[in-house]
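Going by the order they are written in, the chains are A, B, C and D; count residues from 1 in each one.
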Amino acid sequence: MTNLTLEDARRVIAAAEAKATEIGQPMNIAVVDSGGNLVAHVRQDGAWIGSVNISINKAWTSKAFDISTKDLGDNSQPNQQFFGIQNTNGGKVAIFAGGIPLSRDGVVVGAVGVSGGSGEQDHSVAEAGVAGF
Amino acid sequence: MTNLTLEDARRVIAAAEAKATEIGQPMNIAVVDSGGNLVAHVRQDGAWIGSVNISINKAWTSKAFDISTKDLGDNSQPNQQFFGIQNTNGGKVAIFAGGIPLSRDGVVVGAVGVSGGSGEQDHSVAEAGVAGF
Amino acid sequence: MTNLTLEDARRVIAAAEAKATEIGQPMNIAVVDSGGNLVAHVRQDGAWIGSVNISINKAWTSKAFDISTKDLGDNSQPNQQFFGIQNTNGGKVAIFAGGIPLSRDGVVVGAVGVSGGSGEQDHSVAEAGVAGF
Amino acid sequence: MTNLTLEDARRVIAAAEAKATEIGQPMNIAVVDSGGNLVAHVRQDGAWIGSVNISINKAWTSKAFDISTKDLGDNSQPNQQFFGIQNTNGGKVAIFAGGIPLSRDGVVVGAVGVSGGSGEQDHSVAEAGVAGF
(Lines give C-alpha, C1' and ligand atoms only; values in the text may rest on other atoms or scores of the structure.)
Protein backbone atom coordinates (compact mmCIF):
# COMPACT_ATOMS: atom_id res chain seq x y z
CA MET A 1 0.00 0.00 0.00
CA THR A 2 1.77 3.12 -1.23
CA ASN A 3 -1.13 5.38 -0.40
CA LEU A 4 -3.54 5.93 2.50
CA THR A 5 -7.30 5.50 2.76
CA LEU A 6 -10.13 7.59 4.18
CA GLU A 7 -10.22 5.16 7.08
CA ASP A 8 -6.52 5.85 7.75
CA ALA A 9 -7.18 9.58 7.62
CA ARG A 10 -10.04 9.30 10.07
CA ARG A 11 -7.89 7.37 12.52
CA VAL A 12 -5.22 10.10 12.30
CA ILE A 13 -7.81 12.85 12.77
CA ALA A 14 -9.45 11.11 15.73
CA ALA A 15 -6.11 10.83 17.51
CA ALA A 16 -5.29 14.46 16.78
CA GLU A 17 -8.71 15.62 17.94
CA ALA A 18 -8.31 13.77 21.23
CA LYS A 19 -5.01 15.54 21.83
CA ALA A 20 -6.46 18.95 20.94
CA THR A 21 -9.32 18.38 23.33
CA GLU A 22 -6.87 17.30 26.01
CA ILE A 23 -4.87 20.52 25.75
CA GLY A 24 -8.02 22.61 25.41
CA GLN A 25 -7.23 24.21 22.07
CA PRO A 26 -9.66 23.67 19.17
CA MET A 27 -7.88 22.83 15.93
CA ASN A 28 -8.19 22.40 12.21
CA ILE A 29 -6.82 19.01 11.17
CA ALA A 30 -6.21 17.88 7.58
CA VAL A 31 -4.82 14.74 5.98
CA VAL A 32 -3.47 14.45 2.42
CA ASP A 33 -2.50 11.34 0.46
CA SER A 34 0.69 10.41 -1.40
CA GLY A 35 -0.15 12.81 -4.22
CA GLY A 36 -0.68 15.72 -1.83
CA ASN A 37 -4.44 15.67 -2.41
CA LEU A 38 -6.84 16.24 0.49
CA VAL A 39 -8.45 13.12 1.96
CA ALA A 40 -10.21 14.61 4.97
CA HIS A 41 -10.43 17.79 7.05
CA VAL A 42 -12.20 18.80 10.24
CA ARG A 43 -12.49 22.11 12.03
CA GLN A 44 -13.32 21.63 15.68
CA ASP A 45 -15.96 23.97 17.10
CA GLY A 46 -14.36 27.29 17.95
CA ALA A 47 -11.20 26.75 15.90
CA TRP A 48 -9.90 29.65 13.81
CA ILE A 49 -11.41 29.99 10.34
CA GLY A 50 -8.07 31.30 9.03
CA SER A 51 -6.58 27.95 9.92
CA VAL A 52 -8.68 25.92 7.48
CA ASN A 53 -6.34 26.84 4.65
CA ILE A 54 -3.24 26.59 6.85
CA SER A 55 -3.98 23.07 8.07
CA ILE A 56 -4.50 21.86 4.50
CA ASN A 57 -1.35 23.62 3.29
CA LYS A 58 0.74 22.25 6.16
CA ALA A 59 -0.35 18.74 5.24
CA TRP A 60 0.36 19.39 1.55
CA THR A 61 3.78 20.88 2.32
CA SER A 62 4.83 17.96 4.51
CA LYS A 63 4.04 15.50 1.74
CA ALA A 64 5.36 17.71 -1.02
CA PHE A 65 8.82 17.81 0.55
CA ASP A 66 8.66 14.69 2.77
CA ILE A 67 9.54 16.77 5.84
CA SER A 68 7.83 18.32 8.86
CA THR A 69 6.91 21.95 8.33
CA LYS A 70 8.81 22.69 11.55
CA ASP A 71 12.05 21.41 10.05
CA LEU A 72 11.33 23.05 6.71
CA GLY A 73 10.76 26.31 8.56
CA ASP A 74 14.18 26.12 10.20
CA ASN A 75 15.70 25.92 6.71
CA SER A 76 13.55 28.72 5.30
CA GLN A 77 14.52 31.61 7.54
CA PRO A 78 16.45 34.56 6.10
CA ASN A 79 19.95 33.51 5.05
CA GLN A 80 19.08 29.78 5.24
CA GLN A 81 19.18 27.47 2.20
CA PHE A 82 15.45 27.45 1.45
CA PHE A 83 14.56 31.08 2.21
CA GLY A 84 11.98 32.02 -0.41
CA ILE A 85 10.40 28.56 -0.69
CA GLN A 86 7.29 30.01 1.00
CA ASN A 87 6.69 32.06 -2.16
CA THR A 88 6.60 29.02 -4.47
CA ASN A 89 3.83 26.61 -5.43
CA GLY A 90 1.16 29.27 -5.62
CA GLY A 91 1.19 30.02 -1.89
CA LYS A 92 0.70 26.43 -0.72
CA VAL A 93 4.02 26.12 1.12
CA ALA A 94 3.66 26.46 4.91
CA ILE A 95 6.94 26.93 6.79
CA PHE A 96 5.85 26.83 10.42
CA ALA A 97 5.18 23.94 12.78
CA GLY A 98 2.13 21.68 12.48
CA GLY A 99 2.67 19.49 9.42
CA ILE A 100 4.22 16.02 9.67
CA PRO A 101 4.62 13.25 7.06
CA LEU A 102 2.77 9.95 7.50
CA SER A 103 4.95 6.94 6.65
CA ARG A 104 4.28 3.25 6.10
CA ASP A 105 7.20 0.82 5.89
CA GLY A 106 9.57 3.75 5.57
CA VAL A 107 7.70 5.36 2.67
CA VAL A 108 5.89 8.69 3.02
CA VAL A 109 2.31 7.95 1.94
CA GLY A 110 0.68 11.20 3.08
CA ALA A 111 0.80 13.86 5.77
CA VAL A 112 -1.19 15.48 8.53
CA GLY A 113 -1.49 19.24 9.01
CA VAL A 114 -2.72 21.00 12.15
CA SER A 115 -3.47 24.67 12.73
CA GLY A 116 -5.27 26.51 15.50
CA GLY A 117 -2.88 27.22 18.32
CA SER A 118 0.76 28.01 19.01
CA GLY A 119 3.38 26.35 16.86
CA GLU A 120 4.19 24.05 19.73
CA GLN A 121 0.54 23.08 20.20
CA ASP A 122 0.01 22.51 16.49
CA HIS A 123 3.07 20.29 16.29
CA SER A 124 2.12 18.23 19.35
CA VAL A 125 -1.39 17.65 18.00
CA ALA A 126 0.10 16.60 14.65
CA GLU A 127 2.42 14.21 16.48
CA ALA A 128 -0.60 12.68 18.19
CA GLY A 129 -2.14 12.22 14.76
CA VAL A 130 0.99 10.48 13.48
CA ALA A 131 0.94 8.19 16.52
CA GLY A 132 -2.66 7.30 15.68
CA PHE A 133 -1.66 6.29 12.17
CA MET B 1 -28.37 28.18 17.16
CA THR B 2 -27.48 30.31 14.14
CA ASN B 3 -24.61 28.11 13.12
CA LEU B 4 -23.77 24.43 12.78
CA THR B 5 -21.26 22.31 14.65
CA LEU B 6 -18.67 19.74 13.65
CA GLU B 7 -21.07 17.12 14.98
CA ASP B 8 -23.77 18.44 12.63
CA ALA B 9 -21.34 18.34 9.73
CA ARG B 10 -20.39 14.76 10.51
CA ARG B 11 -24.03 13.71 10.56
CA VAL B 12 -24.57 15.32 7.16
CA ILE B 13 -21.43 13.68 5.76
CA ALA B 14 -22.36 10.26 7.14
CA ALA B 15 -25.77 10.42 5.47
CA ALA B 16 -24.23 11.57 2.20
CA GLU B 17 -21.58 8.85 2.34
CA ALA B 18 -24.24 6.20 2.85
CA LYS B 19 -26.07 7.40 -0.26
CA ALA B 20 -22.87 7.54 -2.32
CA THR B 21 -22.04 3.99 -1.27
CA GLU B 22 -25.58 2.92 -2.11
CA ILE B 23 -25.35 4.28 -5.66
CA GLY B 24 -21.81 2.98 -6.04
CA GLN B 25 -20.15 6.29 -6.87
CA PRO B 26 -17.33 7.50 -4.57
CA MET B 27 -17.70 11.17 -3.70
CA ASN B 28 -16.07 14.22 -2.18
CA ILE B 29 -18.37 15.71 0.45
CA ALA B 30 -17.87 19.06 2.17
CA VAL B 31 -19.81 21.07 4.75
CA VAL B 32 -19.44 24.81 5.41
CA ASP B 33 -20.90 26.87 8.24
CA SER B 34 -22.90 30.10 8.26
CA GLY B 35 -19.75 32.06 7.41
CA GLY B 36 -19.09 29.89 4.38
CA ASN B 37 -16.02 28.46 6.08
CA LEU B 38 -15.18 24.76 5.79
CA VAL B 39 -16.19 22.63 8.78
CA ALA B 40 -15.39 19.19 7.40
CA HIS B 41 -14.51 17.38 4.17
CA VAL B 42 -14.03 13.77 3.18
CA ARG B 43 -12.91 12.15 -0.05
CA GLN B 44 -14.11 8.59 -0.29
CA ASP B 45 -11.57 6.08 -1.59
CA GLY B 46 -11.45 6.24 -5.36
CA ALA B 47 -13.22 9.60 -5.67
CA TRP B 48 -11.84 12.11 -8.18
CA ILE B 49 -9.04 14.33 -6.89
CA GLY B 50 -10.31 17.19 -9.04
CA SER B 51 -13.51 17.12 -6.99
CA VAL B 52 -11.89 18.09 -3.69
CA ASN B 53 -11.94 21.73 -4.69
CA ILE B 54 -15.34 21.45 -6.37
CA SER B 55 -17.11 19.92 -3.36
CA ILE B 56 -15.79 22.66 -1.10
CA ASN B 57 -16.71 25.37 -3.61
CA LYS B 58 -20.20 23.97 -4.14
CA ALA B 59 -20.77 24.13 -0.39
CA TRP B 60 -19.35 27.64 -0.23
CA THR B 61 -21.46 28.79 -3.17
CA SER B 62 -24.70 27.39 -1.71
CA LYS B 63 -24.17 29.28 1.51
CA ALA B 64 -22.79 32.37 -0.17
CA PHE B 65 -26.01 32.84 -2.15
CA ASP B 66 -28.40 30.73 0.00
CA ILE B 67 -29.34 28.64 -3.03
CA SER B 68 -28.62 25.23 -4.48
CA THR B 69 -25.84 25.28 -7.08
CA LYS B 70 -28.28 23.51 -9.43
CA ASP B 71 -30.68 26.46 -9.28
CA LEU B 72 -27.86 28.97 -9.45
CA GLY B 73 -26.59 27.14 -12.52
CA ASP B 74 -29.90 27.50 -14.29
CA ASN B 75 -29.59 31.24 -13.82
CA SER B 76 -25.94 31.35 -14.90
CA GLN B 77 -26.14 29.97 -18.44
CA PRO B 78 -25.42 32.26 -21.37
CA ASN B 79 -28.14 34.89 -21.72
CA GLN B 80 -29.44 34.27 -18.18
CA GLN B 81 -29.41 36.87 -15.39
CA PHE B 82 -26.30 35.63 -13.54
CA PHE B 83 -24.14 34.57 -16.48
CA GLY B 84 -20.58 35.47 -15.47
CA ILE B 85 -21.03 34.85 -11.75
CA GLN B 86 -18.69 31.85 -12.11
CA ASN B 87 -15.83 34.27 -12.75
CA THR B 88 -16.30 36.17 -9.49
CA ASN B 89 -15.08 35.55 -5.96
CA GLY B 90 -11.67 34.32 -7.02
CA GLY B 91 -12.99 31.21 -8.71
CA LYS B 92 -14.99 29.91 -5.76
CA VAL B 93 -18.43 30.03 -7.40
CA ALA B 94 -19.66 26.62 -8.62
CA ILE B 95 -22.67 26.71 -10.94
CA PHE B 96 -23.49 23.05 -11.42
CA ALA B 97 -25.50 20.61 -9.30
CA GLY B 98 -24.24 19.25 -5.98
CA GLY B 99 -24.42 22.10 -3.46
CA ILE B 100 -27.47 22.60 -1.20
CA PRO B 101 -28.04 24.97 1.74
CA LEU B 102 -28.53 23.55 5.25
CA SER B 103 -31.33 25.30 7.15
CA ARG B 104 -32.52 25.28 10.75
CA ASP B 105 -35.84 26.87 11.64
CA GLY B 106 -35.95 28.49 8.22
CA VAL B 107 -32.52 30.04 8.49
CA VAL B 108 -29.61 28.94 6.30
CA VAL B 109 -26.83 28.01 8.72
CA GLY B 110 -24.47 26.29 6.30
CA ALA B 111 -24.35 24.12 3.20
CA VAL B 112 -23.23 20.78 1.86
CA GLY B 113 -21.30 20.31 -1.39
CA VAL B 114 -20.87 17.04 -3.24
CA SER B 115 -18.71 16.22 -6.27
CA GLY B 116 -17.64 12.95 -7.82
CA GLY B 117 -20.29 11.78 -10.25
CA SER B 118 -22.85 13.10 -12.70
CA GLY B 119 -24.72 16.26 -11.79
CA GLU B 120 -27.75 14.16 -10.94
CA GLN B 121 -25.74 11.85 -8.68
CA ASP B 122 -24.00 14.73 -6.92
CA HIS B 123 -27.33 16.44 -6.26
CA SER B 124 -28.98 13.28 -4.93
CA VAL B 125 -26.08 12.62 -2.55
CA ALA B 126 -26.25 16.22 -1.34
CA GLU B 127 -29.99 15.79 -0.76
CA ALA B 128 -29.27 12.73 1.34
CA GLY B 129 -26.85 14.87 3.36
CA VAL B 130 -29.51 17.52 3.89
CA ALA B 131 -31.96 14.84 5.04
CA GLY B 132 -29.37 13.68 7.57
CA PHE B 133 -29.13 17.18 8.98
CA MET C 1 2.08 -0.66 -9.48
CA THR C 2 -0.59 1.96 -8.85
CA ASN C 3 1.55 4.75 -10.21
CA LEU C 4 3.75 5.40 -13.22
CA THR C 5 7.48 6.04 -13.52
CA LEU C 6 9.62 8.54 -15.40
CA GLU C 7 10.50 5.70 -17.77
CA ASP C 8 6.78 5.15 -18.43
CA ALA C 9 6.33 8.88 -19.06
CA ARG C 10 9.24 8.94 -21.50
CA ARG C 11 7.79 6.04 -23.45
CA VAL C 12 4.45 7.87 -23.72
CA ILE C 13 6.13 11.10 -24.78
CA ALA C 14 8.30 9.36 -27.39
CA ALA C 15 5.24 7.77 -28.99
CA ALA C 16 3.39 11.09 -28.94
CA GLU C 17 6.36 12.93 -30.41
CA ALA C 18 6.61 10.42 -33.24
CA LYS C 19 2.96 11.02 -34.12
CA ALA C 20 3.34 14.80 -33.93
CA THR C 21 6.32 14.62 -36.26
CA GLU C 22 4.38 12.38 -38.62
CA ILE C 23 1.50 14.86 -38.92
CA GLY C 24 3.91 17.79 -39.11
CA GLN C 25 2.57 19.73 -36.13
CA PRO C 26 4.99 20.47 -33.25
CA MET C 27 3.43 19.84 -29.85
CA ASN C 28 3.73 20.27 -26.11
CA ILE C 29 3.37 16.90 -24.41
CA ALA C 30 3.01 16.38 -20.64
CA VAL C 31 2.54 13.35 -18.40
CA VAL C 32 1.23 13.39 -14.81
CA ASP C 33 1.15 10.58 -12.26
CA SER C 34 -1.70 9.16 -10.17
CA GLY C 35 -1.67 12.21 -7.89
CA GLY C 36 -1.91 14.60 -10.83
CA ASN C 37 1.67 15.77 -10.35
CA LEU C 38 3.86 16.42 -13.39
CA VAL C 39 6.35 13.67 -14.26
CA ALA C 40 7.70 14.98 -17.55
CA HIS C 41 7.05 17.60 -20.22
CA VAL C 42 8.53 18.43 -23.58
CA ARG C 43 7.92 21.25 -26.01
CA GLN C 44 8.97 20.33 -29.52
CA ASP C 45 10.86 22.97 -31.47
CA GLY C 46 8.42 25.48 -32.89
CA ALA C 47 5.48 24.46 -30.68
CA TRP C 48 3.34 27.24 -29.17
CA ILE C 49 4.58 28.68 -25.88
CA GLY C 50 0.98 29.20 -24.77
CA SER C 51 0.53 25.46 -24.93
CA VAL C 52 3.05 24.64 -22.20
CA ASN C 53 0.45 25.38 -19.54
CA ILE C 54 -2.36 23.82 -21.54
CA SER C 55 -0.61 20.49 -22.07
CA ILE C 56 0.14 20.22 -18.35
CA ASN C 57 -3.42 21.20 -17.42
CA LYS C 58 -4.95 18.75 -19.90
CA ALA C 59 -2.92 15.95 -18.33
CA TRP C 60 -3.90 17.09 -14.83
CA THR C 61 -7.58 17.34 -15.77
CA SER C 62 -7.69 13.87 -17.32
CA LYS C 63 -6.30 12.34 -14.13
CA ALA C 64 -8.29 14.58 -11.82
CA PHE C 65 -11.57 13.35 -13.28
CA ASP C 66 -10.44 10.04 -14.86
CA ILE C 67 -11.79 11.14 -18.24
CA SER C 68 -10.52 12.47 -21.55
CA THR C 69 -10.70 16.25 -21.78
CA LYS C 70 -12.62 15.76 -25.03
CA ASP C 71 -15.42 13.92 -23.21
CA LEU C 72 -15.30 16.33 -20.28
CA GLY C 73 -15.63 19.18 -22.75
CA ASP C 74 -18.79 17.70 -24.23
CA ASN C 75 -20.30 17.77 -20.73
CA SER C 76 -19.10 21.29 -19.97
CA GLN C 77 -20.79 23.28 -22.71
CA PRO C 78 -23.53 25.77 -21.82
CA ASN C 79 -26.62 23.97 -20.48
CA GLN C 80 -24.69 20.71 -19.96
CA GLN C 81 -24.22 19.11 -16.53
CA PHE C 82 -20.66 20.32 -15.88
CA PHE C 83 -20.83 23.83 -17.38
CA GLY C 84 -18.70 25.96 -15.06
CA ILE C 85 -16.18 23.23 -14.17
CA GLN C 86 -13.59 25.15 -16.18
CA ASN C 87 -13.71 27.87 -13.53
CA THR C 88 -12.81 25.52 -10.67
CA ASN C 89 -9.50 24.24 -9.33
CA GLY C 90 -7.69 27.52 -9.76
CA GLY C 91 -7.83 27.48 -13.54
CA LYS C 92 -6.31 24.03 -13.99
CA VAL C 93 -9.35 22.42 -15.64
CA ALA C 94 -8.99 22.09 -19.42
CA ILE C 95 -12.19 21.21 -21.26
CA PHE C 96 -11.02 20.72 -24.83
CA ALA C 97 -9.49 17.74 -26.58
CA GLY C 98 -5.92 16.55 -25.94
CA GLY C 99 -5.90 14.95 -22.48
CA ILE C 100 -6.38 11.20 -22.01
CA PRO C 101 -6.02 9.01 -18.89
CA LEU C 102 -3.30 6.35 -18.72
CA SER C 103 -4.54 3.07 -17.23
CA ARG C 104 -2.85 -0.07 -16.03
CA ASP C 105 -4.92 -3.16 -15.24
CA GLY C 106 -8.07 -1.04 -15.37
CA VAL C 107 -6.82 1.58 -12.93
CA VAL C 108 -6.05 5.15 -13.98
CA VAL C 109 -2.43 5.72 -12.91
CA GLY C 110 -1.79 9.01 -14.70
CA ALA C 111 -2.60 10.93 -17.87
CA VAL C 112 -1.07 12.49 -20.95
CA GLY C 113 -1.85 16.00 -22.16
CA VAL C 114 -1.09 17.37 -25.62
CA SER C 115 -1.42 20.92 -26.95
CA GLY C 116 -0.13 22.60 -30.07
CA GLY C 117 -2.55 22.02 -32.91
CA SER C 118 -6.23 21.58 -33.63
CA GLY C 119 -8.34 19.69 -31.12
CA GLU C 120 -8.37 16.72 -33.47
CA GLN C 121 -4.59 16.78 -33.84
CA ASP C 122 -4.01 17.15 -30.10
CA HIS C 123 -6.32 14.22 -29.37
CA SER C 124 -4.72 11.96 -31.98
CA VAL C 125 -1.22 12.70 -30.66
CA ALA C 126 -2.44 11.95 -27.12
CA GLU C 127 -3.92 8.68 -28.38
CA ALA C 128 -0.55 7.77 -29.85
CA GLY C 129 0.96 8.48 -26.43
CA VAL C 130 -1.56 6.19 -24.75
CA ALA C 131 -0.77 3.45 -27.28
CA GLY C 132 2.91 3.82 -26.38
CA PHE C 133 2.15 3.29 -22.71
CA MET D 1 21.53 30.52 -32.71
CA THR D 2 20.00 32.85 -30.16
CA ASN D 3 17.83 30.16 -28.62
CA LEU D 4 18.07 26.53 -27.54
CA THR D 5 16.36 23.45 -28.89
CA LEU D 6 14.60 20.50 -27.30
CA GLU D 7 17.68 18.48 -28.17
CA ASP D 8 19.82 20.97 -26.21
CA ALA D 9 17.43 20.73 -23.27
CA ARG D 10 17.57 16.95 -23.31
CA ARG D 11 21.38 17.01 -23.29
CA VAL D 12 21.31 19.36 -20.27
CA ILE D 13 18.76 17.19 -18.47
CA ALA D 14 20.66 13.98 -19.18
CA ALA D 15 23.84 15.46 -17.68
CA ALA D 16 21.93 16.72 -14.65
CA GLU D 17 20.19 13.38 -14.18
CA ALA D 18 23.52 11.56 -14.24
CA LYS D 19 24.83 13.83 -11.49
CA ALA D 20 21.67 13.43 -9.39
CA THR D 21 21.94 9.67 -9.70
CA GLU D 22 25.62 9.84 -8.76
CA ILE D 23 24.90 11.74 -5.53
CA GLY D 24 21.85 9.57 -4.81
CA GLN D 25 19.29 12.38 -4.61
CA PRO D 26 16.32 12.24 -7.02
CA MET D 27 15.63 15.62 -8.60
CA ASN D 28 13.23 17.71 -10.63
CA ILE D 29 15.08 19.24 -13.59
CA ALA D 30 13.68 21.90 -15.92
CA VAL D 31 15.03 23.84 -18.88
CA VAL D 32 13.62 27.10 -20.26
CA ASP D 33 14.51 28.89 -23.48
CA SER D 34 15.49 32.50 -24.21
CA GLY D 35 11.89 33.60 -23.67
CA GLY D 36 11.80 31.96 -20.25
CA ASN D 37 9.32 29.41 -21.54
CA LEU D 38 9.56 25.75 -20.52
CA VAL D 39 11.23 23.46 -23.04
CA ALA D 40 11.42 20.27 -20.99
CA HIS D 41 11.01 18.96 -17.45
CA VAL D 42 11.57 15.64 -15.74
CA ARG D 43 10.85 14.44 -12.22
CA GLN D 44 13.03 11.49 -11.32
CA ASP D 45 11.27 8.65 -9.48
CA GLY D 46 11.00 9.54 -5.81
CA ALA D 47 11.73 13.25 -6.22
CA TRP D 48 9.59 15.70 -4.23
CA ILE D 49 6.30 16.72 -5.84
CA GLY D 50 6.66 20.19 -4.32
CA SER D 51 9.79 20.64 -6.41
CA VAL D 52 8.06 20.43 -9.80
CA ASN D 53 7.03 24.07 -9.53
CA ILE D 54 10.32 25.10 -7.94
CA SER D 55 12.54 23.58 -10.63
CA ILE D 56 10.55 25.33 -13.35
CA ASN D 57 10.58 28.62 -11.45
CA LYS D 58 14.31 28.41 -10.76
CA ALA D 59 14.93 27.98 -14.48
CA TRP D 60 12.55 30.85 -15.30
CA THR D 61 14.17 33.11 -12.70
CA SER D 62 17.70 32.44 -13.94
CA LYS D 63 16.76 33.42 -17.47
CA ALA D 64 14.49 36.25 -16.38
CA PHE D 65 17.38 38.00 -14.64
CA ASP D 66 20.35 36.30 -16.39
CA ILE D 67 21.75 35.20 -13.04
CA SER D 68 22.00 32.08 -10.91
CA THR D 69 19.26 31.85 -8.30
CA LYS D 70 22.01 31.35 -5.72
CA ASP D 71 23.48 34.77 -6.52
CA LEU D 72 20.05 36.35 -6.76
CA GLY D 73 19.26 34.87 -3.35
CA ASP D 74 22.31 36.53 -1.80
CA ASN D 75 20.93 39.85 -3.00
CA SER D 76 17.37 39.11 -1.85
CA GLN D 77 17.85 38.58 1.88
CA PRO D 78 16.42 41.11 4.33
CA ASN D 79 18.25 44.44 4.05
CA GLN D 80 19.78 43.49 0.68
CA GLN D 81 19.08 45.36 -2.57
CA PHE D 82 16.53 42.92 -4.02
CA PHE D 83 14.65 41.90 -0.87
CA GLY D 84 11.04 41.53 -1.95
CA ILE D 85 11.76 40.35 -5.48
CA GLN D 86 10.36 36.93 -4.47
CA ASN D 87 6.91 38.53 -4.25
CA THR D 88 6.94 39.79 -7.82
CA ASN D 89 6.03 38.15 -11.12
CA GLY D 90 3.08 36.24 -9.75
CA GLY D 91 5.19 34.02 -7.51
CA LYS D 92 7.58 32.79 -10.21
CA VAL D 93 10.79 34.22 -8.71
CA ALA D 94 12.91 31.63 -6.88
CA ILE D 95 15.69 33.04 -4.71
CA PHE D 96 17.51 29.94 -3.56
CA ALA D 97 20.19 27.82 -5.20
CA GLY D 98 19.49 25.52 -8.14
CA GLY D 99 18.92 27.76 -11.18
CA ILE D 100 21.74 28.65 -13.58
CA PRO D 101 21.70 30.44 -16.95
CA LEU D 102 22.68 28.58 -20.12
CA SER D 103 24.90 30.64 -22.43
CA ARG D 104 26.14 30.26 -25.98
CA ASP D 105 28.90 32.53 -27.25
CA GLY D 106 28.46 34.77 -24.24
CA VAL D 107 24.72 35.17 -24.70
CA VAL D 108 22.19 33.73 -22.25
CA VAL D 109 19.87 31.57 -24.35
CA GLY D 110 18.03 29.77 -21.57
CA ALA D 111 18.46 28.32 -18.10
CA VAL D 112 18.33 25.12 -16.10
CA GLY D 113 16.50 24.77 -12.77
CA VAL D 114 16.99 21.94 -10.28
CA SER D 115 15.06 21.15 -7.10
CA GLY D 116 14.93 18.10 -4.89
CA GLY D 117 17.72 18.23 -2.36
CA SER D 118 19.74 20.69 -0.31
CA GLY D 119 20.65 24.01 -1.87
CA GLU D 120 24.19 22.74 -2.40
CA GLN D 121 22.97 19.55 -4.08
CA ASP D 122 20.53 21.41 -6.33
CA HIS D 123 23.24 23.84 -7.43
CA SER D 124 25.77 21.08 -8.15
CA VAL D 125 23.25 19.16 -10.26
CA ALA D 126 22.43 22.35 -12.15
CA GLU D 127 26.14 22.92 -12.75
CA ALA D 128 26.39 19.42 -14.20
CA GLY D 129 23.52 20.35 -16.51
CA VAL D 130 25.32 23.48 -17.63
CA ALA D 131 28.47 21.46 -18.31
CA GLY D 132 26.39 19.11 -20.48
CA PHE D 133 25.20 22.06 -22.57
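Note that in this section a residue touches a chain if its C-beta (ideal position, glycine included) is under 8 Å from a C-beta of that chain, and two chains touch if they have at least 3 such contacts.
If you're wondering where the values come from, they're calculated on a predicted model, not measured in any experiment.
K.L.:
Go ahead and note the Å separation of the Cα centroids belonging to chain C and chain D.
P.N.:
The answer is 25 Å.
K.L.:
Between chain B and chain C, tell me the centre distance in angstrom, where each centre is the average of that chain's C-alpha atoms.
P.N.:
29
K.L.:
Quick check: what residues of chain C touch more than one other chain, meaning two or more?
P.N.:
35-37, 90
K.L.:
Going by the touch rule set out above, what shape does the chain contact graph take here: line, ring, star, complete or other?
P.N.:
Drawn as a graph, the chains match no named shape, so other.
K.L.:
Pairwise, which chains touch?
P.N.:
Applying the touch rule to all chain pairs gives A-B, A-C, A-D, B-C, C-D.
K.L.:
Once bound in the complex, which stretches of chain D touch chain C?
P.N.:
Listed in rising order, the residues are 5-6, 9, 35, 37-45, 49, 52.
K.L.:
Looking at the complex, which residues from chain A come into contact with chain D?
P.N.:
Touch residues, chain A against chain D: 35-36, 60-61, 63-66, 78-79, 81-85, 87-91, 93.
K.L.:
Which part of chain D faces chain A closely enough to touch in the complex?
P.N.:
Answer in residue numbers: 48-51, 53-54, 57, 73, 76-78, 86-87, 91, 93-97, 118-120.
K.L.:
So in the complex, the part of chain A that touches chain C is made up of which residues?
P.N.:
2-3, 33-37, 90
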